Amino acid sequence: MTGMTVGFVGLGAMGQGMGASLLRAGHRLLVWNRSPEPVAALVAQGADAAGRLADVFAAETVVSMLADDHAVEQLLDPALLADAKAAVHLNMATVSIALAERAEALHSEHGIGYVAAPVLGRPQVAAAGELNILAAGDETALTKVAPLLSAMGGHTWHFGTRPSHANAAKISANFLIACAIESMAEACSLAESHGVRPTDLVEMLSGTLFPGPIYSGYGAMVAERRYEPAGFRVPLGLKDVNLALTGGAAANVPLPFGSVLRDAFLDALAHGDGDKDWAAVAAVARRRAGLPA
Amino acid sequence: MTGMTVGFVGLGAMGQGMGASLLRAGHRLLVWNRSPEPVAALVAQGADAAGRLADVFAAETVVSMLADDHAVEQLLDPALLADAKAAVHLNMATVSIALAERAEALHSEHGIGYVAAPVLGRPQVAAAGELNILAAGDETALTKVAPLLSAMGGHTWHFGTRPSHANAAKISANFLIACAIESMAEACSLAESHGVRPTDLVEMLSGTLFPGPIYSGYGAMVAERRYEPAGFRVPLGLKDVNLALTGGAAANVPLPFGSVLRDAFLDALAHGDGDKDWAAVAAVARRRAGLPA
Amino acid sequence: MTGMTVGFVGLGAMGQGMGASLLRAGHRLLVWNRSPEPVAALVAQGADAAGRLADVFAAETVVSMLADDHAVEQLLDPALLADAKAAVHLNMATVSIALAERAEALHSEHGIGYVAAPVLGRPQVAAAGELNILAAGDETALTKVAPLLSAMGGHTWHFGTRPSHANAAKISANFLIACAIESMAEACSLAESHGVRPTDLVEMLSGTLFPGPIYSGYGAMVAERRYEPAGFRVPLGLKDVNLALTGGAAANVPLPFGSVLRDAFLDALAHGDGDKDWAAVAAVARRRAGLPA
Amino acid sequence: MTGMTVGFVGLGAMGQGMGASLLRAGHRLLVWNRSPEPVAALVAQGADAAGRLADVFAAETVVSMLADDHAVEQLLDPALLADAKAAVHLNMATVSIALAERAEALHSEHGIGYVAAPVLGRPQVAAAGELNILAAGDETALTKVAPLLSAMGGHTWHFGTRPSHANAAKISANFLIACAIESMAEACSLAESHGVRPTDLVEMLSGTLFPGPIYSGYGAMVAERRYEPAGFRVPLGLKDVNLALTGGAAANVPLPFGSVLRDAFLDALAHGDGDKDWAAVAAVARRRAGLPA
């Protein structure tokens, strides 16, 4: 395999590791980022720095890993897409279903393939090239970017030919994490109020019914009331819950757990926990029950 | 080890396997059950049949595995306990925290040790002696029944010296299962309404964030809308959610997810799903969204 | 009209005024109460004191106005009813639907008419004989007690021949009051957080869409954060919300607003507001939003 | 008083009546509407038709009564405001708090007074000039438009100098209506499931605790399951609930009743009730309980 030329946009903690994985796999990287520091880090690993965002879209493929819908909007500029040479844009951000649908149509108008491939995994996993990738898009485009997905991910889960399906799956996954945190928060408050040590409860749960990183990792944070340092902050959690609720509203799907979550995250923000990990919804559950913070 | 003489009350699907495990481990069993058929089955494996419930309480230890608070009430008859010779009563049923507290006090009055040891696991697991047991009680009593717990369970999780703590832990565990089912029901409705196949979603989830029996097992049932045959029926699910809510109310602990669950289970019952598995709350989520049953 | 002989049980703040109204209308009263002081007060107005509860049931009709299901249980003693001479028992307490159904059957067994007639109104309204009465029972029994209802109430609203229907109506009315309080609590928190003075909001609302005692009275308490003195305490509010939820559960009727209310009342109790007026659920709404208490 | 010259934008059912009220009071009207028919109707009553939207903003004052935020956006065009001669813009639409804040700032930049004055009342009330008006804005601007408010309204309720406060009050009022409908929907389902006729319940409630147009009017619709013709359709109800939820989210104010309402309105839409009156959330409550539609 001879590597591809890849334009890469968005060098946050995740994008850094993903870009490095692409370089290690032998691809040429032309990177662009709003702030310059992360660019230098990747250039030191062999990437080239793009002068303008538009330069990135001159590459064979474009990979973007931006923070949210708002940040991705800049890539949906018709002028940018009209001049683009890229065959495929591989958007790995967690964005709304509505944006994914709009992006698919817009890229199609300009003859550019569009693949949605949001990921599961933390920055270290991204750096190791071991992400779980949730991918959807038309087959030609997917085939084109398959080597890139292999370089960045340990496994790719396929959700069909419509890009928005991958985003819906990712939004559902994050929704389930939020549900699991709130569930444990309520269970720990209940158990503690009747004398059970929450750490004992979580140890039993993750040793029996609920193995895996979410229940053990967030379970420990909830049980120990350890909401800092934040792996994923409360406002980001609220953003993701809102992606689920908005997606639900668009299809008339009520999500009562989602509604409870939204209220809990607002409560957390109202009490100044905006810089804490989203496990801090457990502090809301405790406050409702009058348990010490 | 020479086995103990064990009085055993409650030969439902779980009790059958637990009794058989005790026999295999070399204990002598004196069994009593409301209906006679299950007694015969264990007698065939070497147990003796008790003529009256009171005879069971003449044994060195008593193990009970009854359906709910109502069924356990018969064991809390002061006359029965006054005549009992048993040193310890090992109650393995899923009962309310309030009943556990009352039972502890009552047994103490009559000089009988009381250990609460509800279990996680299905009948096959009980038959194999591989249950996860959640145990609490004073140390003397726990030491006394330790060989019985070893015979019935693969692992015992300890929750301290107050029996009700084990019940609170068990109620919390069942609450978390119910939360996980509803979470997946909502996520699958959301995903399906945007074109994702629920089975694809569940496969990805249980292959990544949520391994383990609950998300994969119930996830498949939710995704495939397969609510029969019932492993655990809707009314039992509602009973367990109510144990959590009642336990919460006793300590002024609001459980908003629990409130949503209660409403969903009532909705399922209102639509005639009382004989289906509690995974049928997914049918409620689908109905809310106007998705086909 | 020559008055009736009326046995009267339950001389709380409401019962006092109702008893006095009956005396004013020319009925003879034989009163019984757990504590003696209220008896003396009515005897001073012309009532006779009953030596035992059973004596009251020797009267032509019995009126009872007790606090809750638990207190009413003592009147459902089969021995008491077997000896009773009363033609009709007029139970004016706010009790559960289930208790009403059981009481109807039990009285019927003993050949005693049973009329349920819970009331709307505060003690002063009871003293003035101007209560709104919600009545149901068979026609013969209702005709018998009609003069008593006229003496105690300004208006009687009829809900048919099954006593429990009047209790269901009363429970629904109290449920609506709780809903109105929570609605205003949320609206005032919303408005205040955007700079509106809650008192301005409530004045407008009760001057336009929502006239009447509930929105203006509780609205003012919510807007002014005035939860004392308590007209109706938080635990009583929770009791009534639970009557609605339990009634709903018995018929598989989910009440999502009821579930929110239950959680809010528990939250109020968890924060030590058990002696405050149930308008104190507004403090829960404010706390959720981080607004000053 | 000699009348003012008033530019008027937005001749829906409400705007028609409001424009007519202004004409009757002796003001000169220059009207503009997206569709021509309503213009003709007011011209027949003495108004002049504006050729362009910009012409309306040449009048001494501008009154606008548009459907929602989206429709009002066209009036927030900086070019339009830069050319405007109007001293005050009186915006009577129900719009978001955020839009009101933005509109206030934008008008201020262009030296135009901005008064928010959303209204309570149906089209007939608008035609009679008897609306309840919720007004806020700086005093000079309010004084200027006072004669217009007098012409259109029976009473003006003042919410201070910041226009958004009037919008927050209006959003709160509509939120309370939605809460009242859901409350009655739940109460009627509960009562009916226990044999009470919902019409009897509503008659009692509106004759006692809950007089006024909302409980009697919507109560009758709920009790009679009469959701057509629609006075205010389900999607508009959802829009207004979302205005409350969005306003709440902006200030970190959880609104659990609002969350339940949102889910109920989505459920109604999912079942094809988008053209029915928002009282049709009662059909959702009935469906949850398995009661016949």
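Chains: A, B, C and D, in written order; residue numbering restarts at 1 for each.
The rule we apply is simple: a residue touches a chain if its C-beta (ideal position, glycine included) is under 8 Å from a C-beta of that chain, and two chains touch if they have at least 3 such contacts.
Here the structure is a predicted model, which means the values were calculated and not measured.
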*Among the other chains, which touch chain A and chain C together?*
B, D
_Comparison of A-B and B-C (more C-beta pairs in contact)_ = A-B
*Averaging each chain's C-alpha atoms to get its centre, pick out the one most distant from chain D.*
B
*Provide the C-alpha centroid distance between chain B and chain C, rounded to the nearest whole angstrom.*
39
*With chain centres defined as C-alpha means, what is the inter-centre distance between chain B and chain D in Å?*
54
*Can you give the whole-Å distance between the Cα centres of chain A and chain B?*
37
*Can you tell me which residues of chain C touch two or more of the remaining chains?*
248, 252-256, 260, 263-264, 266-267, 270, 288-290
*asked:* Could you list, by residue number, the parts of chain D that touch chain C in their complex?
replied: 97, 120, 132, 134, 155, 157-160, 162, 164-165, 168-169, 171-173, 175-177, 179-180, 182-184, 186-191, 193-197, 200-201, 203-205, 207-214, 244, 247-248, 250-258, 260, 263-264, 288-291
*asked:* Taking the touch rule as given, give the residues of chain C at its contact with chain A in the complex, in rising order.
replied: 256, 263, 266-267, 270-272, 287-290
*Can you name the residues of chain C that touch chain B in the complex?*
248-249, 252-256, 259-260, 262-264, 266-267, 269-270
